[in-house]
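What follows is a group of structures, each given as structure tokens.
Two complexes come next, and they have one chain in common, subunit A, joined by subunit B in the first and subunit C in the second.
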Partner chain A sequence: MPLDTSIYPLALLRLDGRRWNELRRIHAQVSVQAAADGSSYLEMGNTRVICVVLGPAEGKDKGQRGAREGEAKVGVEIAVAGFSGMERRRRVGNKRTSEMQHCLSTAFSSLLFTHLYPHSTISISIHILSQDGSLLAACLNAATLALIDAGIPMSDYLTACTVASSASSSSSDTATSDPLLDLNGLEEQELPFLTIGAVGEKVSVLMLETRVRMERVEGMLAVGVEGCKRVRAILDGVVRTYEKKFG
Partner chain B sequence: MPPSQAALVSLSPAELSYLRSTLLQVPPIRLDHTKGPKDFRSMRAEYDVLPGANGSARIALEDGLEALVGVKAEVEKSQWRPTPAGRASRLSVAAGDVEMKDGDEEDDGQGKGQVSWVEMSVEIPGFRDDDALPVFLASMLTESLLSSGELKDRLYINSRFHWKLYIDILLLSPALSYPLALLSMTTHLALLTSRLPALKSEKDEDPLFDDDWDASVPLYPKEKGKGTGSKPVDRPPVIVLAMAIGQNIIFDPCKEELAVADAVLAIACSSSKTSSTGSRIISIRTIDPPSHLTPPGVPNSMNSATGGVAPASSADALTQRELLATSGVWTPPRGGMKRGLIGQVVKMVVETGGVAEEVIDALQAIEVG
Partner chain C sequence: MPREVEVSVNERAFIQQALQENVRLDGRAFDAFRPLELTFGDEYGVADVQLGKTRVIARISVDVTAPLPERKFDGIFQIVAEFSPMASPAFEVGRPTDAEVILSRILEKAIRRSNALDTESLCIIAGLKCFALRADVHIIDHDGGLIDASCIAVMAALQHFRRPDVVVEGEKATILSVREREPIPLSILHQPLCVTFSCYEDGERILIDANLAEEQVRQEEVIVTMNRHGEVCQVAKYGGATVEPLALLNCINMASQKVKEISKFIQTKLEEDAKKRDAGGLMAELSAENER
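After this line comes the complex of A and B, so read on.
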């Protein structure tokens, strides 16, 4: 169903009317929940995510109170709400969510200054309320905001976005194969894409689940890093306005 | 029903005793001393928060308890079931006696709804699906929702199809206090603002819907006309939590107050049908308060360290405790609630301008304003 790939070269406009390098509307709030140590709410287009951070605190389960000697353990739990997709489903995609959990946990273990909190656990729980593409990217961005709200020191924002290669992998003309930034659900189904998470200029998370031609990857990465920079500016703005209001 | 593990608070017997004595004052001094016995915790509520659901609502209480409800409706094929009327018409057709029926009678789904058309799930962080707390909460909420029967009849499309309503309740924060009242209020708001696409096909055709969302019909229909007062004809029920302590009745208790309660009642009520004010009771349930599990204090007279005499046997200890029940040393409350007190609670809930009417009107006002 090459819906996008057939229309795109004509007007250079995507399904929802964006150009190749435009992000969807990102709206975020921090400190949305009084009971948690840190929390955030993030909308990237129609993808909506709530993230709650508890800790650093002594872990609940015996035996895994802290992870390794002298470092905090980062536990991630992702719950996909039954009403989040087009059709209502109970317990959606266990394999997929556990992969995302692992991805977030490793990404934030290396980003946070976990050595400051030995023998403790930082638990991040994410509720996916509505999904429309760029799910992993939204989770990463929401978790970054919630961790900042919780006051856990980290070196820089970890921001993420998705990039696709617009031409299908078989076509050979490279003239119209712009990389596309920040995909929605429909585009994600059709195009090969990668999720990129960057700390400053450095790539920290990179997830590619589909086939894509070798020579396109570099362009995609360049656009992705640029997109992450813009997401960072938006998230930074959210944190700063919150600071001004309540800080 | 069993108390939830999450509702346990770590207060010492002395603290519990102090809390109880302040709540026993007339009027009671609550933990949040600015609140009277009928005051609810302040809340922030919004509806239509999810783009992909038929209805949704989110309510956050001041103490951090937060719930989100999404309502999703899907068209499902009904199983054909023989009804007495249907069978009779079939027989008469078979006998060659064809009779034309009035179309109006067949189309409203009066009494045709089924309980299985509404499915509810409650998710609470830290609990599994099949743990006692989520299962009890879900069944209590479904029970009160289906009691009137009007909701399930409204899901009827035609003899072959119906709407299946999925109500998913998420508690976004840990279960700090007993979350029943919050979940019920959030569900109420979500259902009140739910809309179903308008039906374009007629009678027993395959259902075809108007794709214009502006033309959609609310799940709980509103009265037409009368300018500002667009009150819905029927509104979903709401559950309020009331707690008795001595002769005092306190509504919407917080976690610490529940820990010293004599008895807790969950009262499901909906707006009354006959008059525009007041409300009617749908069900009442007692809830085992977490106070039954608190540890008792040891009075000086029973403590050998403070010059008392330790009781020789456990039976002895029981009798001594019985005698000391009013001495101010904390003993977990036992027994239930007096009938007079239940009557008083019910009256406070259903009377004109009572608690139930206030809650339902407040939730209605969120949608209007």
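After this line comes the complex of A and C, so read on.
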């Protein structure tokens, strides 16, 4: 039963048969919801999210809470469906989702040209339908697509992916450590990994939550930036085919 | 909801211009921490950290409860961080701001999830009784660098803390009071410490340990948690301005140096404190620890 990643060094194939630098299948659609200003549906392997963007519209609460003078506020709401994980859960990780919300909100408020929409709110709401690793990356990618669909100007795509380091953090031989791109849920539980969100060659979001030797991080970052570029090409393809069909 | 007083336009421009000329308002180098002060309380497990004008007190307390049913062999360890209005008028009780959520989340990831504390050693009888350890973080004064200061405080307090000894006979566990048996230190596997970097001018200038004014002017923060063995426990960069990957690697290298320095500092302070407590030189005899 090949349920752990320890067999990787033997065959150089991962649990789902991928090589180290292969992404999972990314399927994405834009304008999936007619009522919203922008929307997207994204699958990265078995991780599925729907993202809806409303606005820029007049802010609901008075006095522009939390937003800076002369800029639009980016509000993010993430809802995790009870059936999205392996076990049904009523309320899933309160603090974790609010951390993700904070991450998306800060990432996009500096990426979008918020100065064009003073006194307004751009609200992004994300529904996580199925979780199988790379959750934050999927949310970032879906939000990018939905914001493009909503026609809100931004400097470039913000695309994200995850990278793991395949040897466990305790062994110090660097020869056997291999970065792995785009993890699924099982790999994520076993390996130290980071989520990277890049705009072009530069890093916008970086989250590392497991212990790893500092020498490993360099290789992981390099593979991550490369992976983000490939995700960008895929998302760009999605936007352009949509544009040809309906534009 | 009260809001933090924002820095004025003039002040903002002043700080930014000074940074362009490679000067910080308090005259520190870009990679320098503010003077760090660490004192321990009379009781075990109380650490008071002063980082410049920021002041944080961490207190460890212990209780005996039943372990969680899905983790029978582990004790319970939780970190509770709350901002009180005492530190800054912008904080309100019962309404966690973003900063508060981030602080507790970072501490959780840095200390709890990286297994800094061996929770298995807190187990008394599997499935029935265990120690529940609680670290309370109190923010007394807020002048930036809360995450770094809180992490130092919690780690120092954990290393300072001594839990009461227990004697187990079958299903019966007796907690021995401090007078009966010398309490034992916690088993700490490694010491994660946070270093916060603040970036200005699209990642061109990176500061360590920004104070409140500098924090309000910065474009983004990168929080790196490491231990002195050169392991990265956690990195968090929540959006904000984009940075070259190389600059991030630089941050990690810098953090590793700083963490070594701070670890050493905590160690010397702990030794000083131990010496003060060991008045009659009896500690070695009283200790229930085995020499390994």
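Methods note: the second predicted complex is superposed on the first by the 239 of 247 C-alpha atoms of A that agree within 3 Å, B and C clash if a C-alpha of one lies under 4 Å from a C-alpha of the other, contacts with A are read in each partner's own complex, and residues count from 1 in each chain.
FYI, a residue touches a chain if its C-beta (ideal position, glycine included) is under 8 Å from a C-beta of that chain, and two chains touch if they have at least 3 such contacts.
This is a predicted model, so every value here is computed, not measured.
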**OP:** Specify the outcome, clash or fit, for subunit B and subunit C once both structures are aligned onto subunit A.
**Re:** fit
**OP:** Based on the superposed arrangement, let me know which partner A:50 touches: subunit B (first), subunit C (second), both, or neither?
**Re:** first
**OP:** Considering only the touch criterion stated at the top, classify A:125 as touching first (subunit B), second (subunit C), both, or neither.
**Re:** first
**OP:** Write the angle, vertex at the C-alpha centre of subunit A, between the C-alpha centres of subunit B and subunit C, to the nearest 10 degrees.
**Re:** 110
**OP:** Identify which of subunit B and subunit C touches the larger number of residues of subunit A.
**Re:** C
Original post:
Is A:79 touching the first partner subunit B, the second partner subunit C, both, or neither of them?
Top reply: first
**OP:** Considering only the touch criterion stated at the top, classify A:29 as touching first (subunit B), second (subunit C), both, or neither.
**Re:** neither
Original post:
Given the touch rule stated above, what does A:99 touch, subunit B (first), subunit C (second), both, or neither?
Top reply: second
Original post:
With the two structures placed on a shared chain A, what shortest C-alpha distance in Å links subunit B and subunit C?
Top reply: 17
Subject >> Complex interface listing, subunit A residues touching subunit C >> reply: 65, 95-96, 98-99, 102-111, 169, 194, 197-215, 217-218, 221-222, 225
Original post:
Hey, which residues of subunit A end up touching subunit B in the complex?
Top reply: 32-36, 46, 48, 50, 52, 54, 77, 79, 81-88, 90, 125, 127, 129-130, 132
Original post:
In their shared complex, at which residues does subunit C touch subunit A?
Top reply: 1, 98, 101-102, 104-105, 108-109, 113-115, 203, 219-220, 222, 226, 230-245, 248-249, 252-253, 256
Subject >> Residue numbers on subunit B that touch subunit A, as the complex places them >> reply: 49-53, 56, 60, 62-66, 68, 70-72, 74, 121, 123, 125, 166, 168, 170, 172-174, 176
